[in-house]
Amino acid sequence: MGEDLLLAMAGVDKRFAGIPALIGASFEVRRGEVHALIGQNGAGKSTLIKVLTGYHKKDAGSVSFDGKPFEVTSPQQAQASGISTIYQEINLVPYRSITENICLGREKRRFGLLDWGAMHAEAERLLARFNIKADVRRPVMEFSTATQQMVAIARAIGFDAKLVIMDEPTSSLDEREVGVLFDVIRQLKAEGVSVVFVSHKLDELYAVCDRVTIMRDGRTVRVAEISGIGKLDLVSSMLGREIARVEGHATAFTDRDPAKLGETLFAAEHLSAGSAVRDVSFSIRRGEIAGFAGLLGAGRTETARLAFAADKRSGGTMTLGGAPYDPASPIDAIAAGLGFCTEDRKAEGIVPDMSVAENMMLALMPKLAKSGIIDEARQRVVVEKFIKALSIKCSGPNQKIRELSGGNQQKVLLGRWLATEPRLLILDEPTRGIDVGAKGEIQALIKSLADDGLAVLMISSELEEVIEGADRVFVLREGLTVSEMTRAEASEDAIMAAMAEGSPEAAR
Amino acid sequence: MTDATRATVIERRPINPFDLLARYGTVIALVLLIVFNLIFTTNFATLQTLNVNLTQVCTIVIVAVGMTLVIATGGIDLSVGSLMSISGALAPMVFMSKLFPIGNIYLAVALAIIIAVGVATLLGLFNGWLIARFRIQPIIATLVLFIAGRGIAQVMTNGQLQTFKVPEFQFIGLGRVLGIPFQVIVMLVLVIIAAWVIRKTVFGRQILAIGGNEKASGLSGIAVKKVKLVVYAVSGFCAGIAGLVVIAINSASDANLVGLGMELDAIAAVAVGGTLLSGGRASIIGTLLGALTIQLVRYTLLANGVPDSVAQVAQAVIIIAAVWVQQQGRSA
Amino acid sequence: MTRIHLARMVGSYGVLIALALLILFGYLRYENFLGLFNIMSVLRYNSMFALVALGMCFVIMTGGIDLSVGTVAALGSVAAAYASPYGPVAGVVAGVAVGLVVGLINAVMITRMHIMPFIATLASMLAASGTALLLANNRSVPVSYQSGFTELGQGNFIGLPIPAIIATIAFILGWLVLNYTATGRGVLAVGGSEESAKLMGLPADRIKTLAYVASGGLAGLAGVVLAAQFGAGQPIEGVGWELFAIASVVVGGTLLTGGVGSVGATLAGVLLLGILFTVLNFENGLGWISLSAYWQSVIRGAFLLVVVILQARLVAGETTRT
Amino acid sequence: AVPPLAKKDTYKVGFAQTESNNPWRLAQTASMQDEAKKRGWQLVYTDAAGSAAKQVSDVNSMIAQGVDLIFLAPREEVPLIPAIMAAKGAGIPVILLDRNVDQSLAKAGEDYVCFIGSNFIEEGQRVGDWLVANANGKTNIIELEGTTGSSPANDRKKGFDDVIAANPDFKILASQTGDFNRDLGRQVAETLLQAHPEANVIYAHNDEMAIGAISAVEAAGKVPGTDVLILSIDGGKEAVGLVVEGKIAAVVECNPRFGPKAFDTAVAYANGETIAPMIINPDQFYDATNAKELLPTAY
């Protein structure tokens, strides 16, 4: 058994400013297997990976790779030794071209100088494996999150690695693209390459993984063949407690009473802006959860940004509560009772150096202040309420938000908007990168908010979430609303069909 | 708090010697400097020494207060020295009735102060406008007035020295209230207000948020452009006041020299005071201590006869040492 | 959807167009503006700034800044002056060596001690100036006129000023390094996102070190040219060179935040700002209006303002998403 | 030999100024411009903003513009040589004002017409000699130097320090730069007075720093002129006025009004007269004995 182990990590400790993130964690990967690494937010998965690749220095523990003791001090060395990694937050260089992002670190040369022709060809070849055709000369920042993610994956595959690590590669991919990725993973496996796969989406694990390692609170709590462990078992190991779940539901959304929905609160007609949003119309009623479905790049995020006045729209009208609504900036939108939780947590959500409390109060602060002076006491009450309500895992309201795990950061941001008591809350990928436990909590929370009369616009790339959560689903395709479905009409097949080939006529 | 919880707290945050150094690094440096001077510098332990140091550090602190706010938003203001010279050139033109006749000297001085500081504030606003409206990088946007501003002051005065003896005006630089130099009072008031704004007000929090993550701030309903405009205007305002202090002490305004090199002194004070140049944090008290440290270093070197060339090297080493120690505490 | 490309092209071509217009203006308005003597003298003089700006360009592309270039050039000129009796090679070696050393110290402060580039190089700016004054004993140090050293600054080769040839070679090398070597691309990657570059396995610290060392070395070389061209090592020269270099780099369309940059446009930026001085001098010579030096700084500031606003507007016009 | 200057009614002449950031330089520039206007000559004026390198480039652009003659106030002794040689090569005569260049590299009468100006070393000496003669027991000196590395600072220091070194009673307690600047001069004087309470003489390399030093002395609770003797160089009107008031003890003039002499010399050169290689301005010396009477003539 020992000889077919590619990687063995044992007794790994890692502390950040004294706070343990890993406590005697162990992790073993065999040659040619696809190995799932799962655990709640903050369990230490990303940290374990960063320790392995030398980005973080471990405090204790041993690592052996390919039969030899493995001591690296930088991702560069890890890469050179045959470990290539896709990190959780997409890590590309935004201004640089796709080619450069794919080929950085293993450039092709001719006469000692870079051979751009060969590098472009290489980039195109690698992307072709993912059915992506893009102008590889253009900066990656011009492309959608999904394409960027694919570029990151293509980059990792491009190194002739023995071990490919993917930390939540699918969080910004839609189902079709996930399918493509899985094909690639299977090919890798067939070539004898081992893959470590981190994901919060349990179905994906069953689809592609051979074995699973479960982490909790910095420790490795269980290793199993994926075929020998049930979903419920998996989840309860992750959470460390038994959980009862309503069978037949993949999400925590439960049925809602259509009669409870109020009158139309928000309506947008023929919104347009640039090429991303060409003609989008939708409406939301009080107490309704409206869902946006669509492939990546369909223009959902852009539409939400128009409604929130984060971008200028070039056409279309909007009404809110029956009156014309024409905000000039997010300030107006917030004043009118909107909230907007963005999809890009790192770039557009958190203020990393500020505390949990300060981050949560960012939007509400002016309202809680008396003539411009912050009311600490009132803030504290609100913050503590939401820390508890959202069960945010932090050492206290004064902890820096950047020290929190991704999922907990997301909860803080949710708290930021809930604290403003909005009439319409826009949630762009609210459960992206969040563990099942927290995900269920957030979904249940969204539902109960809607039950209390809040209108919610939920953008999600997880079909299940839209199907089970939304009262009404708007399907977008290439900047057009191509379909509007009620809860009853919205089946997986119907949505997929509309996402793939729906035309605007079908919408009305 | 029970013993058990206290134990876990201590377990989680072991006391780090560098932590202490970082938090009190500037204070420690100051204390060390004072001890050094008490031993080696003749005639150091006198009230007059304190007086000399406080009055000399005033203008740097006043400018550095505005600079701290600018830096907290992630910007920088290179134009402060030039704005000082414009303010310093304008005021005498007004109170000596060169622009328009004013009968009453008190009225003239009041107008002079208002016009000089007002123009500096407006020019600061102009910096902010370039940065907020056109998204020009702050170094370049303020480089414009760094170059042109002093030129404007020189053109206004034709480069000539303006000398004056107007005690009503010179009170700013030479007067005393309860034995404390008036300029020191101005400095302390500005420091206290700025520290309070940063800690206690929505505006202060918004400054830090913008420095920490501008996009997130905008999406959270912070009027990013407006905050930036105000911050650069405040920096201009502070520079305007500092310009008046300088000319008041010297009974003369020299557009060529007032505020020359001030931008670097102020930035160094901010950095030594522990505010990161990348934005998102601000310590006004730190800036005050930073400026005092730099001032005392200068005093020490001068008083002990260290040649200018060696003094430059020594200052460089001390700035780096101070900043490095603070950084240590943070990253540990 | 080539927003960024367009923005970059505007950055690069914008400065070229401005440069062409300025030269045309000078040609039409002044006699002898495009005379051989003037061209040679402008090229000779601005070569020093070109060298300094080239180094600055690399540093800025990594997302940093180097305020020490001016005083390093002064220090380099003093070192070169002392070495000049042993010939041009010795002079170059001495000047460049001190530049490299200061660059290395900058790099260590920035990559090892994690001190912000602005502060680190502000300190070395002070320290280099102090050292130059100490070495030179507060005076200019005459170079040897016998050893051939002064040819480096005052000589011609195939009819071109040698400093201009040195600068041209440096820019060609810089262009090759930036566009055709892994290190060059690494410079842009590190500037674009240092954390990403590190996670991608790029030796970010080594790349930054190279950039600062190159900047120091080029500043030292500019110092050698300074000493050779004016016949003396000058410890108090170099004041404000850093700002001139930064302005040239930015006018050339390089982002101060790093990640995007062009070597060629930087050269155009240097020439644009340099020729502006010459135009102002010629304008004075016309005798219509005698522009005092004060008006010149106002005009220079206004000119910079116009260029950066135009650039910002062109870039903004192409970018909708905020 | 120096290129000749053709005889004409009016000329187009260049004046390459070093910098314009102090009253002395401004007075010098004004004097040159006034004289040019008076004679109806065209003056091409450049300002090197304190950079010797830029000054060479300024001279080159004058050459390109084809001026008849260049007045050059060289920033430094050595670095301006290439400018002089370039002018010579282009057939344009050069007259140096107020600072000379290194005589081993370029010679008056051969590479340039002549030097008109003062002798900075001598200025320092005159101050030193006056102090030795009139000290009345005041022997503890603080020296405020000009801009570090600039030739007037170096020379005014050398001239003065040499005299002091020859008189063992006198002692220079401290010598630091005040950058020729009133504000800095004041700050440095404040600090040095604090560190050396026994000081009773302040020698400043220019008027501005001397005036700053007066404020410093007063702020320290001492009386300028009585407790502390203040000595200066330049002798502008403000400083001479302060001599009359007794706040400054003595000041050596360094007259910036070069215009008439410079232009006369150019005309004489065109006329083919022989020009002395060094034309030293006769500079005044002001102290309590003559200041009041000479005040109206101070520049």
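So that you can tell them apart, the chains are marked A, B, C and D in the order they are listed, and the count of residues begins at 1 in each.
Keep in mind that, in the parts below, a residue touches a chain if its C-beta (ideal position, glycine included) is under 8 Å from a C-beta of that chain, and two chains touch if they have at least 3 such contacts.
Predicted model only: the values in this text are computed from it and were never measured.
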item: Partner chains shared by chain A and chain D (touch criterion as defined above); value: B, C
item: Centre-of-Cα separation between chain D and chain C, whole angstrom; value: 33
item: Averaged-CA centre spacing for the pair chain C and chain B, given as whole angstrom; value: 30
item: Rounded Å distance, chain A centre to chain B centre (Cα mean); value: 43
item: Multi-partner residues of chain A (each touching 2 or more other chains); value: 310
item: Residues within chain C bordering two or more other chains; value: 133, 138, 255, 292-294, 296, 322
item: Per-residue multi-chain contacts in chain D, two or more chains; value: 20, 148
item: Interchain pairs in contact, sorted by label; value: A-B, A-C, B-C, B-D, C-D
item: Residue ranges of chain A touching chain B (in the complex, touch as defined); value: 17-19, 308, 310, 329-331, 333-335, 340, 342, 347-354, 358, 362-363, 365-366, 369, 372-374, 395, 416
item: Parts of chain B lying in touch with chain C, wherever the complex brings them together; value: 76, 78, 130, 134-137, 139-141, 143-152, 154-155, 158-159, 218, 264, 267-268, 271, 276-278, 307-317, 319-320, 323-324, 327, 331
item: Chain C-facing residues of chain D, complex; value: 12, 14, 17, 20, 33, 42-47, 49-54, 56-58, 60-67, 76-82, 86, 90, 102, 105, 147-151, 153-154
item: List of chain C residues in touch with chain D within their complex; value: 30-33, 35, 37-38, 41-42, 45, 48, 133, 136, 138-140, 142, 145, 153-154, 226, 229-232, 234-237, 239, 277-278, 281-282, 284-285, 287, 290, 292-294, 296
item: Chain B residues within the chain A interface of the complex; value: 11-14, 200-203, 205-206, 208-209, 212-213, 215-223, 280-281, 332
